[in-house]
Amino acid sequence: MPVGAVNCDSFAPEDLTMPVPAPRKSPGFSFAVRQATRPLWAVLGERLLTVLIYLCGISAIIFVLSIFIFVFKEAAPVLFSGRFNLGQFLFSTEWYPTSEVNVRYGVLAMIAGTFAVTGVAMLIAVPFGLGAAIYLSEFCGPKVKETLKIVIELLAAIPSVVWGFIGLTVMSKLIVQFTGAAVGVNVLNAGIIIALMSVPIIVSIGEDALKAVPDSYREAAIALGVTKWQLTWRVLLPAAKNGLLAAVLLGVGRGVGETMAVLMATGHAVHVPHSVLDSVRTLTANIAAELGEAPADSDHYRVLFLTGVLLFVITFFVNLAADLAIRGIKKQ
Amino acid sequence: MTPDKHIEVRDLRLAFGTKEVIHGVTFDIHRNEIFGVIGPAQSAKTSLLRCLNRTIEQSTDATVSGTIKVDGQDVRKVKDLYNLRRKIGMVAPLPVGLPISIYNNVAFAPRCAGMTKKSELDPIVEQCLRQSALWDEVKDRLDSLGTKLSGGQQQRLTIARALSHQPEVLCLDEFSIAIDPVTTMRIEEVLKELRKEMTIILVTNLTQQARRLADRTMFLWNGEIIELADNDVIFGDQPKDQRTRDYVLGIFG
Amino acid sequence: MNADPNKRFTETPMVRRKLCQEAIAKWIFRIMSASMIVPLLLILGYLIQRAWPSLSVGFILDVPIRGIKDGGIWPAFVGTIYLVFISLAVSAPIGILAAVYLNEYAKENWFNRIINLAVINLAGVPSIVHALFGLGAFVYAAKFGCSIISASLTLAIMTLPVIIASTRESLASVPRTFREACWNVGATRWQTIRAIVLPNSISGILTGVILQVSRAAGETAPVMFTGAIYFKAVQKGDLFPYRLDEQCMALSTHLYNISTQVPGVRESIPFATAVVLLGLVLVVNAAAIILRVWLRNRKKW
């Protein structure tokens, strides 16, 4: 029987051996609050603030839309001008924007460069990032975990231009030394840099995903006497696969969108790479490198904005996919 | 003489998404009575109260139909929602001490209503803390955090907060879960006192508490009224419905 | 099973193999974690070593000389501070209020889902696209020209989604029961937020905003085309060298310029600039982390 229901029939305050002070009769209840009213300025001020909060609430939609609209608006004149061929833009590797006689705007080489760099980066970052996430969530003690998380957070804070600088000065020398490549700024260099940049996001999202696996799974597996290795491989990874997928996708998004680091570390050659030691140029680096030189309102300038639209669309879908994957975890 | 109807509920239905949890209930609550609501878990007792002060639609995807009138005024057409809520005091089943000082916990509602002078707030705070049998324990530390009190004290603080806006209707939702029997008795004494000033709705799992306090009791089960009658009938030998008898005697539920 | 009870819990070859497997797994993952961090520390050490000849307080306070090939970085340092503070002054209020809307006002419906999607995508838009937007919207359409204002607004929109996300997280950490208790006594949504929600989440919100200081300070691409300038003559140690409608220098673009665009820069200068930028960012981050740890230890419930 729950508390409070003991001996109801015979129980009365008078029966208690311990003294129960009777509630002091208040000298008539005061009902002043019923008459109280808020001052007009407070009511109106709150209404104004609510409107402001609503406006800020929808600001994200406004900004995303206006980013697309403004970037597209700058690109539109050339897109519909007839001088321009969208098929050529997407599927040609010829990029001669400043040529006098033979102007060509083909970004295929840059798309290839972007995906080569991102691919190399993910090849490095995904195993290491997920490994670190597994180590953080399953193997290490709380002290180590705290420290590692702080280090990873600091890793995430390093500005991309500093990463680019590291690629340009440190990494390129190491690459020349170890691989004998002619130039140190190439796909491998940018890949390593982007890998280091996207590892923090992969670790933190991956760790969240592993944390979301119910402890009962772990306990059940441990009760069966499996090793932690088996637990991780057979139980945790399958259970957390959505979250891990999201982590990888966000890493890809970061890789595709990164600008300064690749601008400084890829070597800036417009051609489709054949090996990881080739220099390339990415979509983002191309915009950053040429926007300053392209005269405003020229075709060149507008094509760069069109590249921006392309980037926007690519990252939009990558992020959308990551979001759907994350939503998948929450539903479980 | 017809009793003065304080709250009239007509064909109230409540659904969360597509799942209906209250299937058209109709009843009246008289002024200055203690109205007991008993019933097993999941019988929508708490949701019923939350329909009354309309907090249910603030946080969930609930759809409500039917009418609830307080003082003849339909709560679902009320313009000043906050004034309505001040008319209806609500004590939630789990003790919630707000993370502000004990004094501010109690003074919060009057302040929200627009009362700002300390000279006006002080007597209200004292009155409410005395009514909820908490004054003697906390009078020397009104500045400490409401969250730092023990569970039972927080429950009484919750009651004090519900009294602080001096409601006309006081809804108590399983108020005694976290309190020891002696304190429960003290608060029950206060409730008997308070009923001279306000109408009290007492939702409880403890059938005996309803028996001790209520004038009339409603037996709610799976969102339907099984029986609503004076306490003598519900807790007497011959309630109309066999299920009421079984529930009250503890044969099921 | 082993019949001898004394031997029941002793090591069998299988148990030993399992233990061994577990130890190997642990070491693999430990090495994977270490292999991200140790090289980084080595690189940082290398950067500092190369920067050492130029690194001093005077380096920060001095102005660049000989066509930015030598001297200090003061104008860039101040410019970065300008950009960071103006952009956060814009994005913090909007972001915090937006998070308040999403967490406290919005109901779970399609409109809310669209807003969430917008926030996520805003966070994922590449920085160079933000730069294009800033150029199209603020520099040309709004006619602010290349200026501190344009650059700051561009940065503000970049930092907005992260501020929304972090603020939302700290708002959501305030238990729901507190809000319901307030609504029950007739408090309006804003009174509830004012009295209970904000005081208990403000520390988390501030931490999130501080983290954005470091992000805004490090951003390069969005500033490069909207407000950064190659060189600006400024008095040594002058705290207010820029008007808001002027272009300014920024640490990040300065680092880019001296390391890629200008030949013949004194060798240690780019390294020193990188170290200063890195130090600035890491100090701000460390401060935010310390603040967070300190606040976590004085929870009110």
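To keep things simple, chains are lettered A, B and C as they appear, and every chain counts its residues starting from 1.
Here, a contact is a pair of C-beta atoms (placed from the backbone, for glycine too) under 8 Å apart; a residue touches a chain by one contact, two chains touch by 3 or more.
Bear in mind that the values here come from a model prediction, so they are computed numbers and not experimental data.
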For this session: Could you find the two chains linked by the most C-beta contact pairs?
Result: A-C
For this session: Quick one: point me to the chain whose Cα centre is farthest from that of subunit C.
Result: B
For this session: Please work out the Cα centroid separation of subunit A and subunit B, and write it as a whole number of Å.
Result: 47
Seminar exercise, completed: Averaging C-alpha coordinates per chain, one finds the centres of subunit A and subunit C separated by a number of Å equal to 13
Seminar exercise, completed: The positions of subunit B in contact with two or more other chains are 86, 109, 112-113, 164-165
Exercise. Of all residues in subunit C, which are in touch with two or more distinct other chains?
Worked result: 188, 191
Problem set entry | Interfacial residue positions of subunit A with respect to subunit B in the complex | 2-6, 8-9, 11-13, 16, 18, 20-26, 29-34, 36-39, 42
Exercise. For subunit B, which residues count as touching subunit A in their complex?
Worked result: 86, 109-110, 112-115, 120, 123-124, 127, 130-131, 133, 136, 164-166, 168, 176-177, 179-182, 184-186, 189-190, 193, 197, 205-206, 208-209, 211-212
For this session: Please give the residue numbers of subunit C that touch subunit A in the complex, ascending.
Result: 18-19, 21-22, 24-26, 28-30, 32-33, 35-37, 40, 43, 46-47, 50, 93-95, 97-98, 100-102, 105-106, 114-115, 117-133, 135-137, 140-141, 157, 160-161, 164, 188-191, 211, 214-215, 217-221, 224-225, 252-253, 255-256, 259-260, 270-271, 274, 277-278, 281-282, 285-286, 289
Exercise. Of all residues in subunit B, which touch subunit C in the complex?
Worked result: 53, 55, 58-59, 61, 82-86, 89-90, 92, 94, 96, 98-100, 104, 108-109, 112-113, 145, 147, 158, 161-162, 164-165
For this session: Could you please specify the touching residues of subunit A with respect to subunit C in the complex?
Result: 46, 49-50, 52-54, 56-61, 63-64, 66-67, 70-71, 73-74, 127-128, 131-132, 134-136, 138-140, 148, 150-151, 153-155, 157-162, 164-166, 168-170, 196, 199, 227-229, 232, 250, 253, 256-260, 263-264, 284, 287-288, 291-292, 296, 304-305, 308, 311-312, 315-316, 318-320, 322-323
